[in-house]
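Read from first to last, the chains carry the letters A, B and C; within each, the first residue is number 1.
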Amino acid sequence: MRSVHVVGVGYTRVGEHWGDSLTELMAEASLAAIEDAGVERVDGIYVASTFCEVTNNQAGISALVAEALGLRSVYGVRVEGGESSGLMALMEAYAAVASGLVDFALVVGGEKLSDLLPDEFNSVHSMTLPYDSMGYAGVTPASIAALLYKTYLERYEVPQEFVAQFPVLMHNNAEGVSHAQFPFKVKLEDVLGSPEVAPPLRRLECSAPCDGAAAVVLASDDSQTRRLSGQAVRIGGISIRTDYVSPFDREDPLFMTSVALSVDEALLRSGISRSELNVLEVHDSFSILAPLILESGGFSSRSESGPDVKSGKYSLGGELPINTFGGLKARGHPIGATALYQVAEVYLQLTGRAGKKQVDRTKAGAIISVSGFGTIAGTAVMLSGEMG
Amino acid sequence: MRFNFRPQNHWRFKRFRYRTEVLRCANCGTVNVTTRPVCRRCRSRNLQREELPERGRLVAFTTVKSPTEEHKELAPYIVGLVEFEDGTRIVTQITDADPEDLKTGMIVERVLRKITHDGDAGIIIYGFKFRPPIT
Amino acid sequence: MARIRNVAILGYGGYVPRLRIKATEIARIWGREEDALPVREKSVNELDEDAITMAVEAAKYAMRRAGIDPSEIGAVNVGSESHPYAVKPSGTVVAEALGIPPNFLAADLEFACKAGTESLQMISGLVSAGIIKAGLAIGADTAQGRPGDALEFTAAAGAAALVVGRPGNGEVASIEYARSYVTDTPDFWRRAHERYPSHTFRFTGEPAYFHHTLSAVKGLLEEAGLKVADVDYFIFHQPNYKFPLAAAKVLQIPKEKVEQGVVTHLIGNTYAASSLMGLVRVLDVARPGQLIVLTSFGSGAGSDSFLIETKEGLPEKRAKAPLLDALISRAKYVDYATYLRHRDKIRGA
């Protein structure tokens, strides 16, 4: 297998893009990534959009993206894997580049959710749950998050602040980030004082509907593009795993086996250990998911992620900064695009382009993308030129 | 959204939705909620239809204040995690109760209720919920 | 119609939703005098309840008391004037929810408040003729009343169900006689596609309710060769608290033989379930070997009257499901605005 590198990234601001269609958003992010990579051609387009049939009445969207980019006749495919669609598209592109099938792959994710009314958004978001046994009955993702949240607080006998401080950290990191949906700080009391969505879960503990698109360009080792200039980041390894669709069918609903397995496997494939990671992106679609992912992924001991946040372990400047541009909560969660924002942001960190959010001496980073509550979870490990 | 009201997609699940009929694996005992050819745990094809007990224990609950389009007429409504004697757990609506009527650990019993309906002209979807027992 | 042979009540059940609205709360909105209200309070369905779901609840209790396997149920009759669908049966959903296999006769009935006892008549006939071993007779309603109309004080929600089958296995009661009395009397109706019924005020009384009810009861007693004194309980349809007691007075029935079977002041008029609900409440206290006369009334108009004798199996069967008073006592009160929401009277929402 050839080694595979991220050689350029592009993205739109996350937020309300009333004037832009889904295809336009994805084209903008793609053009930015292609320009950033400085590549002459793209041989394959991998599109991630989770809900484009429902939100934009569109199937076969990869051809629309290709046309919008002026790339007639290029190979194009769309990948859908719930909230992990972006990572899935990355893995498909990674495999194609590694195998030699494709030399330059464009991976672009996009979602357009601002047009939906709040209850319509909830209906669409509920599609990430098993519809036939849960969604039909009015069980929402927020209600599952709330049940896990309650289970967590009761089992570990910890106060709500342990979980509610995660959004505070995310907003801290997003402050001043130009592409973030919510680039401002919030206080713990703001989080705990925001309206209840599904108690104990509150509004400021949930990611919000938004529009956005993010793209990355992958190239093989042979192509050498930008590699010498230090602007190539090697994908050390990717792993995606599935699990029972209901967290309550698993041995322990607070432990996401899909996260644990994919982290272990992606690290193994990369040949590095957890402790070598300098930066990490976690899928905090709801506040409670951050501790569940950190604890399932072996970054904090069970019940210890709260104290770890308090001690600064996960802050910028800490031992393992997470979600350095605000994560799903504050940078935003345009579902199919989210994992590609994560990849782009780790790329910025590893290439020293993270500006005010730059973490010192970053050599290795990882993203963890989750759909639902661990129904699907994947990890991608990225290595800087130094480690690559 | 509108597609959710296709009657066929509710009709084919009626045994589960009306009576919590599930597939228990005769090989390993696992309860598989929706119909399928093999057990999710041991892949045995020997799956037998069984009704879950009418009563279970309420393990956790929350109130849905931000509902889906199909269920907004009912909001706010309660969603709970119910555990049966054999350890099988399902997520379900809890009805006939306000949050203050509920306690973690209490017994709840199954009832048939309206889940949602497609406006004035479309189908009415019925399914189980749980409620505090009447004694 | 006359002597019924080999027909028994094997199980019975009543269901009342937990919500109530006080008559004074309705009077507050419409500026009515509080001392002239027809009932004290009435039941209100939850947002997720309708005639089908309530029928299931009552039938579940009836089947639990009967101790019958669902496969032995050969017919399900649901009487209601608020079937959730104009076209699409209620009985099919009820039966599948109860696990009754497909070899049964399903029939939905409508005759204003008389549809519940019609179910009983028809199931009794099928059992007596040996066509089915047992069947479910159900009356269930979420009754309609136009906002501000007099009916709004009484139109309530509830269901009652009986498992009717062959005697000989610890039955609750036997059905001994049945008599109906029906004429074309336009005292109350609801046209197709209309949301609320129309009625004729005092014309619903003497020529409608009283004429049919009294005729049916008198005919039944005559047929059975019984006097009022021979009967332990009389149960009437109860559109309000006054009418059943007034009917009893005409027949010179002592109050104590009537009151146990009146629930309308507590839960309102549950329409197709109304007189059966009275029967449920009487069976909750009756001793074996007592005689009961059950008489319904449905506008349009007609009455079905039954002579029922309680049997040895009653106390044991009674203990297998909650008593009606337990359901009545879990009352939670709602205000008029909440009531409007629950009755789907806020349109365009």
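Definition applied: a contact is a pair of C-beta atoms (placed from the backbone, for glycine too) under 8 Å apart; a residue touches a chain by one contact, two chains touch by 3 or more.
In this text the structure is predicted, and so the values were computed from the model without any measurement.
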Exercise for review: Give the identifier of the chain nearest to the protein's overall CA centre, each chain being represented by its own CA mean.
Suggested key: B
Review point. Measuring centre to centre with C-alpha atoms, which chain is farthest from chain A?
Key: C
Study note, to complete from the structure: Chain-centre distance (mean CA atoms) for chain B and chain C, in whole Å, is 30
Review point. Roughly how far is chain A from chain C, going centre to centre by Cα mean, in whole Å?
Key: 59
Point to revise | Per-residue overlap in chain C, given as positions that touch at least 2 other chains | key: none
Review point. Listing for chain B: what residues touch at least two other chains?
Key: 74, 93, 115, 129
Review point. For chain B, which residues are in contact with chain A within the complex?
Key: 1, 4, 9-10, 13, 16-17, 33-34, 40, 59-72, 74, 77, 79-81, 89-93, 99, 104, 115-116, 125, 127, 129
Check your understanding: What residues of chain C sit close enough to touch chain B in their complex?
Key -> 18, 46-50, 52-53, 56-57, 84-85, 93, 96-97, 99, 322, 326-327, 330, 349
Point to revise | Of all residues in chain B, those that touch chain C in their complex | key: 14, 18-19, 51, 73-74, 93, 95-96, 111-115, 124, 126, 129, 134-135
Study note, to complete from the structure: Seen from chain A, its contact residues with chain B in the complex are 54, 117-120, 122-124, 126, 130-140, 142-144, 146-147, 150-151, 154, 195-201, 244, 246, 248-249
